[in-house]
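Below, subunit A partners subunit B and then partners subunit C, in two separate complexes.
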Partner chain A sequence: MNNSAIGAAVARKGVFDSRLMGAAGALVLLLAPLAAPNPFFHHLLIMVLFSTLLGVAWNLLGGYAGQVSFGHAAFLGVGAYATMLLHLKLGWSPWLGLAAGGALATLIAVPIGLLCFRLRGPYFSLATLAVAEIVRLVALNWESLTAGPQGLLITQLPELTLFGHAVDWESKLPFYYIAALLALLAMGANHFIAQSRLGAYLLAVREDMDSAEAAGIDTVRTRVVALALSAALVGLAGGFYGLYFRYVDPDAVFSVALSVEMVFIAVVGGIATTGGPIVGAIFLVTISEVFRERFQSGHLIFYGLFMMLIVRYLPEGIWGKLRALLRLAVGR
Partner chain B sequence: MKLTRLKRGIVVALALAAGTAMAEETLKIGAPQPMTGPDAPFGDKFKKAYGLAVEEINAKGGVNGRKLEVIIEDHQAKNPLAATVAEKLITQNKVLVLTGGRASGQAMEVASIAQRLKTPYLVDHPSADAITAKGFEWVFRQNPTGSIYPEAFHKFIAEVPGAMPKSVAVVYDNSLFGKSIGNATMAFLKSKNVPIVGDEAYPVNTLDFKPIMTKVKGANPDVLLMVAVSTTDAILMTRHAKEIGIKARAFVGFGGGFGVADFAKQLGPLAENVFSSAAWSGNPNDPLTKAFYKNFYAKYQIHPHEHEVEGYSAIYVIADAVRRAKLTGNLDSDRDAVRQALLATDMQTAFGKTRFGNWSGPLGDQYTNQNVNSRDHSVMAQWRGGELVNVYPKANAEAAYVFPDPSKI
Partner chain C sequence: MDTLLQSLVSGTLTGTLYAMIAVGLTVVFGVMRIINMAHGEMVMLGMFGAYWAHEAGIDPFVSLLLWMPAMFAFGMAVQRFLLARVIPSGELNTLLYTAGLSLLIANLALFFWNGDYRTISLDYGMTPARPFGISVSIPLAIAFGLAIALTSALYLFLARTDTGRAVRATAQNPDSAALMGVNVARIDMITFGLGTALAGAAGVLLAPSLYLYPTVGEILIVKCFVIAVLGGLGSIPGAIAGGVLRGVVESLGAVYVSVAYKDAIGFVLFLGVLLLRPAGLFGVGRTS
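Moving on, here comes the complex of A and B:
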C-alpha cells in the first residue's frame, strides 16, 4: 500500500509535465516522417511504433500488476488472424476487423485470468506459455479456416477514401499514422490508468497481495481487468501486423520469440512507466538494425550482450534511469 | 586555411564522383537469407553459391561490361524481418532484382513486397506453391513447387511395370512442406485408385515414431511413403519403421533428410535400398552440372547439394536476363526491363532447363512465371552400400533401381 500511495502521489505531481510531454510527443509523431522521405526510414518508424504498442500492452500487466506473461504472442496472432480472416472470408472492412481482433484477443484472455489469478505462484506465466502454444497448434492444423502452415495472404487492401482522397496503401504514411494513433492511444490509456484508482490497485497487488486483499481490493478482478486491456491492445497490434505485412503464418505470429520480445521492450525501456516502452522500442529497433549492419553474422551476440548489460546495470530500464536522473536534476 | 578547405572539398567531390561511378558500374542483386539463427547454415550455402557464380561471371568481364554484386541481408528466418530487409534492399540499396528467401514463409513476404514495389524477384529455393500461385507477375521461380516434388515417384510407379502400389501408407509432418507433398502424392494415388491404408501427420521433431509405425504396420501397406522437412525426423522415422518390422515392397522418403550422408551413417544397413525422392540438384549426367560440382568443390572443399545448385544457377538466370535487358539508368524502367527479359528467358543452367510460363499445377494451382520444366526437375535416388545414386527417370540415372526391396520379401 505504501508504495502504491507514493506511486500515485508521484504520478499526480507529474500531471502537468506529462500533458506537456504528451502534446510534444504527438507533435513529434506527426512530423517524424517528414524527417526523411524514405520508405525504409518510415518502415523503421512504423516498427518502433508497433513495438511500442506491444511494450505498453505488456507493461500494463507485467509492469504495473507484476503478472509476467510469456505468451502474449497468442493475442497478437489471434488479432492478426481475426482481422485477416474476417476480411478474406466475410469481406469485412479491415478496420472493423482490427477492432474485432482486439475484442477476440480479450475474449480469449479473460478466462485464462479468471482461472489462473485465483492461484498463487507461477501458474499464470505457465498458462500463458501453454495457451500460446495451443493457439499456434490450432492455427497450424485447422486448415479449412486458417490455411494451416501455408498462411494467409492479402494481395490488395480495399480502397478507402478519406476527406475526398483515396488512401494510397502502397505508401508507408497511412500505416505510419495508424500505428502512431494506436501507440498514442495505448500510451494515453496507460497514463490515465497509472493515475487512476485501478493503477494504484495494480501496484498494490504487485507489491503485496495480502495487504492489498486486506485493504479490500478484489485482486482477481483487478488483474483480470489489466489482462483484458493488455490483450485488447495486443490484439489491435496483431490486426495492424496483418494489414501492414499482409501475410501471416502460424510460426510468424505465435512464436515464443515474439512473446519474449514484448518483455524485452518493456524491460529495456523501464518497467511500469508510460514512456518506457517507446524508449525501449526505439532502442531495440535501432540497435538490432545497427548491429545487423555493423557486425553482420555476429550481430545476435552483440544484441544478447547488450541485453545482459541492461539487465545487470540498468534494471530500472533506460527510461526509468533517465527519469530518476531528471528528477534529481530538477530537485524533486 | 582556405586552400586546405578547397582541397578537402575537391577530395570529397572526387570521392563522391568515384562512388557514384562505381555504383553505376555494379549491377546489384539483393538476397534476403538467414545468416544467423536456426537456419544460418542454409544462408551460408547460398552465400557460397552466389559467390562462385558472381566470381565466374565477373572474371569473364561481367554483364555487358558491368560487374555483378550480390547484397545479402540477414532475415534470421523471421517473416517480418524478411519483409523489412526486402524493402531495404529495394529502397535503400536500390537493387535491380531480388533472389533468395530460403524458407517459404519468408519468401512469401519477399514476394509480396517485390510485387508491390515492382521489383523482379527470382525464387531460387522456397517451394510453397502459393508463391507462384497468387498471380504475382514480378515473381519468378526456377525450382519446382512442393506439389511437383513427388513427380519422379509418380512417374516411377506409373511407368515401371508392377511398381504401382497395391496399398500405401503416408506419414508426413504438419509443416507446409510435409503437407504439400503428402496432399499432392495422395491426390495422385487416389486418381490411380490406390487404397491409402494409413494417413498419419506428425509434428516436426518428433522423438518417437514407434506408436505411428506400429499403427502403420497393422495396416500392412505395400509401399510406405515418409515425408520429413527435418533431417532428424527422416532418420528416426526410417529407423523406427524398419525396427518395428514393416514389410513394404519399398520405403520412399521425401525431403532433404533422406538424402544426406548422415542418413546412411546413422542407419547403416537399415538405409540400404531406401528410395529418396530428393530435391532436384541438377542432372548429374549434364556437363554444366558436372562442371559446377567440380568448381564448387575446388573453391570451397564442400560437396554441393540442391541449395548450392539453385543459388548458383539463379545468378546465371539473372545475369542472362540483365544481359538481354535494355538498361537506361532509370531504376524503375530498368527493373521492368529485367522483368520483361526474365519473361523471355530460355536457357540451360547447372540446375536444368529454365523457361518461365503460366500453367496449372498438380493440385490445380494456377502458376504465374513458374519454370515450365519443373515437372522434369524431380528424381528418385536409392541408397546402395552407403551411397545415394539416382535411379529414375532413366535420363538422370546413375544406376538401375532395385525393386522390390529384396530384404523385405
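Moving on, here comes the complex of A and C:
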C-alpha cells in the first residue's frame, strides 16, 4: 500500500514536471524571436523547430517502436506537394492544404505500412528505402502533375487577416510561430503517446516482437498506427516546408539525405525521448550552418561522424545522457 | 526480335555486375547478421581507384590486382577497429552506425574529389563488338567475364577451403563455431574484408561503363539491397539470380515501358516479391 502511494506520488510529480516543462517551453518559444530581431536568426530558429518536428515524428516510429525507417522523406514530399498543388491547381487556402498534406501522408502511410511491416528489423528499413525511391521517381516523372524536376513555385501567399491585422508573409515571424505551434503539437502528442497504452505497445514491439504478439498485441496494427501518426507529422512538416520556401522539387523533398537527417536528429538527440529531437535539431542546424558557407555538403561529413560517435559511445543520445545525469544528481 | 535479344544481353551484362555487389552484401549479412549501409561507398572507392589508375596510365582492369587486396585490407580494418565494437549492441545500432559511415565516406570523397561527373574513356571502348548483330560494349563484356570469375572464386573459396568452411560454420551458428575452435573474430574480419573486396572490385569493373561521382554509391546500394532481398538475404545463388533478373527487368522495362521508370520497375518488382515471398525468391532468406 505504501509502495503504491509512493508510486502515485511519483506519477503525479512526473505529470507535474512535464506540464511545467511544457509551459516553460511554450513561454521560451513565444519569446525566443525577440532575443534578436534579425531575419537570419529567425530563419535558424525556424529550421530548428522544423527539424525538431521531423525528429519527433521519426522518433515515434524509429525510437519508441524500434522500426528504423530510411524512407520518411516520402511523407515529407507528399505533404509538401499536396499543399503546393492544392493551392496552385485548386486554389485551396494553404492552411487547409497544410492539413490536407498531413492527411494525405497519413493515408499513404497505411498501405505502405501494411506492405513493409510484413518484414522485420533491417528488412523493414530496406523496404522503406525502396518505397521512398519509388515515390521519388513517380514525383520526378509524373510531369503533368508535379512539373517534374522543374519543381513548383508559389510566387505569393494569399492575404490573411488575424485579429484585425494583415499577416506579413515577407517577414519570418509568422512562419516562426507556425513552426513553433507544429513542434509543440508534435512534442505534446509524443509525450501523450509515450504514456498511453499505445506507447507501452510500441515499446513491447521494439523489445521483443514475438513476446509482444504472444501477449496479445496486434503488432502489425500497432506498427501501422505508429507509422501513420509519424507520417501525419512529417506530412504537416512537408506542407510547412512548401509554404516557407515557396518552392519544392523532387530532389529537395524526396532525397535519401533528408530521410537520413531525420534519423540523425532522433539518434543524436536521444532515441525514444520527448526532448531529444530538440537537442538533435539544434545540433544538426548548427553543424549545417557552420559548414554550409565554408564548403558545400561538408556538414554531411560531420553528420556521418557524429552518428558513428553517438551510436558507439552514447547510444542513449545527448538528451538521454543528460536526463540520466540530471536524475542521478537529483537523486530521482 | 533483335531489340528483345539486345536488351536481354545488355541486361544480363549489367545484372551480373549488380549481382557481384549484392553477393558481397549477402555474404557479410549471412555471417555477421549486419546490413552494411556503407557497401555502396566501397563500390564507389573501387570506381575511383580505377579512375586514378587510368589517369596514371594503368588499364582499369589491370588495376584490379592492386585494388582488390587494398579493399580487402580496408574492409578488415573497418571490421576490426570500427564495427567489431558496435555489433554486440544490436542490429539497429549497427545499421545506424554503417549509415553514418556511408555518409562519412561519401562526403569525404565529395570534399576531396569534388562532385564532377567523371568518365574513363578506353581505346577499346570506343566501338562496340557486334557478335550476331548484337551490340556489346567491350569493357562491359570484360567486366562481365571478370565478375563471373571473381564470384566463382569466392564460391569455391567458401565451398572448398578450411577457412571457407569456417566462414560457413560461423554463418550457421557463431557460438557453435567458436566451440569447434573457429576464431570467430578472425572469420568476421576475413568475411568483411571479402565483402568489401568484392564491392571494390565491382566498382573497378563498372568504372569504364558508368559515370563516376562520389555519391554514386547511394544509387547502387539501394538497387543491390533490393537484389539481395529478392534472392533472400544470406544466399549467394539468390543474390546472383536476383542481380541478373533485376538487370534484365530494367533493360526490358527501359525498352518496352519507359526509360524514366526503368528504376521504378525494379523497385515495384521488389515490393511484389516482398508481398508474395518475404523470404526471397528462393525462400532461403530470413525475415526475422
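Things to note:
Here, the second predicted complex is superposed on the first by the 296 of 332 C-alpha atoms of A that agree within 3 Å, B and C clash if a C-alpha of one lies under 4 Å from a C-alpha of the other, contacts with A are read in each partner's own complex, and residues count from 1 in each chain.
Definition applied: a residue touches a chain if its C-beta (ideal position, glycine included) is under 8 Å from a C-beta of that chain, and two chains touch if they have at least 3 such contacts.
Only a predicted model underlies this, so the values are computations on that prediction, with no experimental measurement involved.
The larger set of touched subunit A residues comes from C, when the choice is between subunit B and subunit C. Of the two partner chains placed by superposition, A:Leu284 touches none, neither subunit B nor subunit C. Look at A:Leu300: by the touch rule set out above, it reaches both subunit B and subunit C. When both complexes are overlaid on chain A, the residue A:Ala252 reaches subunit B alone and has no touch with subunit C.
Once the two complexes are overlaid on the shared chain, A:Ala272 sits clear of subunit B and of subunit C alike. In the superposition on chain A, contact of A:Leu60 is made with neither subunit B nor subunit C. By the document's definition of touching, both partners, subunit B and subunit C, reach A:Asn141. Contacts of A:His43 after superposition: subunit B is touched, whereas subunit C is not reached.
By the touch criterion defined above, A:Ile193 reaches neither subunit B nor subunit C. Residues common to the contacts of subunit A with subunit B and with subunit C across the two structures: 140-141, 297, 300. Looking at the complex, you find that subunit A touches subunit C at residues 66, 68, 70, 115-116, 118-123, 125-127, 129-131, 133-134, 137-138, 140-141, 209, 256, 260, 263, 267, 295, 297-298, 300-301, 303-308, 311-312, 315.
Those residues of subunit B that touch subunit A in the complex are listed here as 35-37, 40, 73-74, 76, 78-80, 83-84, 87-88, 91-92, 105, 108-109, 112, 115-117, 128, 130, 134-135, 174-176, 179. On the subunit C side of its complex with subunit A, the touching residues are 35, 82, 85-86, 89, 91-93, 95-97, 99-108, 110-111, 218, 222, 225-226, 229, 233, 258, 260-261, 263-264, 267-268, 270-271, 274-275, 278, 287-288. Residue ranges of subunit A in contact with subunit B, taken from their complex: 38-40, 43, 47, 140-141, 143, 148-151, 153, 155, 170, 241, 245-247, 249, 251-252, 257, 292, 296-297, 299-300.
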